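Both complexes shown next keep chain A, but they swap its partner, so chain B is in the first and chain C is in the second.
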Partner chain A sequence: MEEKVKEIMSLIFNVDIEDITEDSSPDNLENWDSLRHMNFVNALEEEFDIELTDEQVTEMMNFKLVLAVLKEISPSSA
Partner chain B sequence: MNRIESYQVGDTAHIEHLITADDIDKFVELTGDDNRLHVDADYAKKTSFKGVVAHGMLGASFISTIIGKHIPGDGALWVSQNLQFLLPIRIGDKLTIAAEVIHVQKRQKLLTLSIKIINQHKQLVQTGESQVKVLDLEESKIKMEQELQKKVVLVTGGATGIGAAVSALLANEGYHVLINYRNNKMGAENLKQEILAQGGSAKIFQADVTHRESVEKMVQATIREFGAVTALVNNATSKIIPQEFDTLEWDDIETHLRVQIQGAFNCITCVIPELIKHQGSVVNVSTIYTSSTPPAKLSGYIMAKAAIEALTKSLAVEYGPQGVRFNTVSPGMTETALIADIPEKVRLLTAAQTPLKRLAQPENIAHAIAFLLSDQAQHITGENLKICGGSVMI
Partner chain C sequence: MDWMQELEKILNNVSLDKSASLISAIDKADQLKEGFDVTLKIGVLRNYTIEGIEPYLKYHLYKSGIKAEVHFGNYDMILQEVMDPESHFSKNKPDLIILSLKLESFLPDYETGNWNFHDVRGQLSELLIQVMNNVSGPLVINNFISPFYSMNGIIGDVAENSNQRRIQRLNSFIEDFAAKNSSQVMLANWERIIRKLGEELSIDYRFWYSSKSPFKKDFLNEYAKVVANIGKILAGKVKKCLVLDCDNTLWGGIIGEDGMDGIKLDNHEFPGKVYYDFQKSILLLAERGILITLCSKNNEEDVMDVLENHPHSLIKRKHLAAWRVNWKNKAENIISLSEDLNLGLDSFVFVDDSEIECDLVKKMVPEVDVLQVPKKIYLLPSLLMTHGQLDTLTETNEDRQRTILYQTDAKRKEASKSFATIDEYLYSLDLHAKIHLVEDQEVARVAQLTQKTNQFNLTTKRYTEQDIQQFGKLTDNAVLSLTVQDRFGSSGLTGVLIAKKENSTGYIDSLLLSCRVLGRKLEYAFVDYCLKYLEGQWSIAKWMAEYMPTKKNAQVANFWSEMGFQIVEQQEKKSIYFLDGSPQQIIDTTFIKINE
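For the complex of A and B:
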């Protein structure tokens, strides 16, 4: 799951996959703005066949939290 | 040992000094004795001395030097002196001032010194006997001051998490540390060994802070071991178990109140005479969630923490006039075993919502506590210091 999330982030935020770390967040990824965040959410929903709640969308404040939210939804993917 | 014990008959010391015109000028300036025999060469020539003579007491003044700096040196109290002026002292004379112990009165702590002042021609120019008291007072005073400077802290819940970081840091800062634990003997013992290995001073003591008798014994043991209690850190806390309010029994609430409020009450009341005596300080450990929106389902824990903050302020007012300071630290979520039951997502969210983007480490809290206990904080009392990475700013 982790690698897949990184691939999506790389694509959406237009950043090299090697530059994505567990500390990546809107604070250090210039392109991670509110508009692209929604694109990111859509891409995650499509990739993992899930539907994120508004609360979960706002909780995904950095890479580690994205993984935590996804694991909460589908623990088996962890 | 009394310092008088280190002296015996026959002990000697001597100093030398060359008498100059400048010495005479300074003596005149100091005493106002400008008798012409000492300052007027023409006049002095007409006297039986046939020249300028130094003041007799100028030569004798070096007896003060030999007593004050050599026998017995520091702690000397010159109580009596007799003197015979045998020959005049002149400019250019090189004096040897010699003292020899001729009598030791141990009970009275008195030395009798034979004083001989001899010139460069080996002529005895002055002689006399000095009586000097050898004081232990200064040493006692130094020892007493050292005792007053001694720092002894009792850290409740001192074996793990924030308590362990506080114990280790304060030991490193020179405190004698009493590490209180309830169940974690191995953790306490390991921490003690770590402190000792680094040259620190620590003891461990098992006590449930809710048991008055145990706390009394712990405080007595601390005083017995280290001679004082100068600081207290009320860090012992109950386990954080999220629980919905409608499932709570009063016992659940009371557990928090017992550990945090009754525990702090027991510790403070037992150490307060020591703290008054040593102008000590107390730091109570609370939580940032009394100052901000608390997490759900922690009502008992939050209630007890709010109460300890109120206790801190009340005691700061009550004991301020006696020189005892009370402060609180309010940590944000801190990386300790206490938050083990808090879901990872909540921890990550907390960190993400904190301006510094991380949870606190126990050492961050320990440094704040050490500051509040220190002299740097001597005008801070009744304060609640938030250590939360900026998550709450009031």
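For the complex of A and C:
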């Protein structure tokens, strides 16, 4: 799952996969703005066939937190 | 790798079901700089968050080779954006404007029902008029989505003043507004998109309440398609001609094997009615000016026999601009049709049931748009209706007569073969040209010609009806039209010259001729007459003109030199020409009678 999330982040935020760390967030990724955050949410939902709640959407503001949210939803795929 | 291949490679990676693939492809395509012959600037005025539409808009335009720049006006600052000439929106001078209004933002308390219909309609009318009058390009508006739920219960929903019914009346008002101002205003029919997709696929309540961003990607995609199609038409990327296979496309079965009685085309049977309805959709396009041609591996007599004698064949020989019914390779046949009709290959749409034929045409003539007859045959009737590029923004008399005009051309071509020299032939035509300042009833056709003409077009500037009307009103501007007739019949309005006066110099903004009237030296007579006429009107004796090269207009690269102009500056994107004094008629056009 980690790799898949990195791949999606790399596509949506236009960064190299190698540059994505635990702390990658809107603060250090130039393209991670509120609009691309919505695209990111859509992309995760498409990829993992899930629906994120509004709380989860506002919570997942760095790579580590994204993984935490996804693991919470489907612990088995973690 | 050239840019076109690169762009295609980028777009081929997109699956619209995967947002990440789309976003990433658009980022990459935005980096491509070279190669695009058109850039379309789209300005979006809105009262809610609609930024998510940008990648979809760009995707559909990139697919037609158009580079799009999308600029969003400030959130809910529509009038400020359009009325302030210093606003970012105004300075950006968009070629196409989207006014995107969401009812919930326009009328925040609409659910309560506490609103006065006349007041709200008045505010809406005021807003639409102000925007229309303050922007200078085509404007795409939308109707409202009526409520998914009744706020007033079962009985209240049908009451005269229910929200449902009042919103429908607002929509009628919006649609009337678009119809009345059709030279500038177009409608993106949200109600139709919603009907097609439904609430589930259209509305994102989560992002609506958290970010004022109400639409899901399927809705954004459909909305973007409507706008992109308008953009494509404005950019001259239009389809003009259908090339249709016959067996299992125009009718079910194979005429050479099943015979007249065996093929399926009966209006009262399945699958006959499917083909019958498909033919109906083709005739509707023919009425709107799309040329119909056939390309079929068959005996010509068999096919013509069906068209003329099958009781359910709606398409008749008289509807065809040309046909290639033979056993040759279809790609070659399409190329030969394109030469015959003098239309670029990229204005053709080819329809065939055979995957092999479709692949062959895609490979050998990639410019042609290829549509394969759906395996689910009952989807055939909607195939052309959902295409979008077989459309025009205006309807003119020329559209309705186009097939006849092309058929007359075929007769002309036939006749030309009996003359030893081209001059003898031209003299025999008895050519009459009418040249005058554009008249009101010609405005739509003139705008359409600027949007559709690619080959004989010196500057390829695209104008709307509204632009042409504006030029007509200004004293230092002139729009002249050319209408041609010869012994075979009329060719209609087929030439346009737009000029401006700046101090004591005349400046030729646009010169274009429909490909239908080329090869008769009309362009020389037309320009000569226009320049002399305007010199008299404006008391000037100096002219500036330009040639702006595109992928399509190489044939006119030397036109201004042929007219006696001197080249003063040659740049990559334009060459500037100058003429001191009246044009000298270098080329003999005495066989053309002007305004007689």
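Here is the rule we use: the second predicted complex is superposed on the first by the 78 of 78 C-alpha atoms of A that agree within 3 Å, B and C clash if a C-alpha of one lies under 4 Å from a C-alpha of the other, contacts with A are read in each partner's own complex, and residues count from 1 in each chain.
Simple rule for what comes next: contacts are C-beta pairs under 8 Å (C-beta built on N, C-alpha and C of every residue); 3 or more make two chains touch, one makes a residue touch a chain.
Note that the structure is predicted; figures quoted are calculated from it, not measured.
Novice: Just from the overlay, do chain B and chain C fit on chain A, or is there a clash?
Specialist: Overlaying the two structures gives chain B and chain C room side by side.
Novice: Can A:65 be said to touch chain B (first), chain C (second), both, or neither?
Specialist: First partner only, chain B.
Novice: Give one of first, second, both or neither to describe whether A:36 is in contact with chain B, with chain C, with both, or with none.
Specialist: Once the two structures are laid over each other on A, A:36 reaches chain C alone.
Novice: In the superposed arrangement, does A:25 touch chain B (first), chain C (second), both or neither?
Specialist: first
Novice: Using the superposition described at the top, determine whether chain B or chain C touches more residues of chain A.
Specialist: C
Novice: So after the superposition, what angle do chain B and chain C open up at chain A's Cα centre, nearest 10 degrees?
Specialist: If I round to tens, I get 140 degrees.
Novice: Closest Cα approach between chain B and chain C after superposing, in Å?
Specialist: Superposition on chain A places chain B and chain C at a least C-alpha distance of 19 Å.
Novice: By the touch definition above, which chain A residues appear in both interfaces, chain B in one complex and chain C in the other?
Specialist: On chain A, the chain B and chain C contacts do not overlap at all.
Novice: Using the touch definition up top, name the residues of chain A that touch chain C in the complex.
Specialist: 7-8, 11-12, 14, 34-36, 38-39, 42-43, 46-47, 53-54, 57-58
Novice: Going by the contact rule set out above, which residues of chain B touch chain A in the complex?
Specialist: Touching chain A: residues 344-345, 348-349, 352-353, 357 of chain B.
Novice: Contact residues on chain A for chain B in the complex?
Specialist: That would be residues 25, 27, 59, 61-62, 64-65, 68-69, 72 of chain A.
Novice: Which residues of chain C touch chain A in the complex?
Specialist: By the definition above, chain C touches chain A via 17-21, 23-24, 27, 51-52, 55, 206-207, 209-211, 213, 217.
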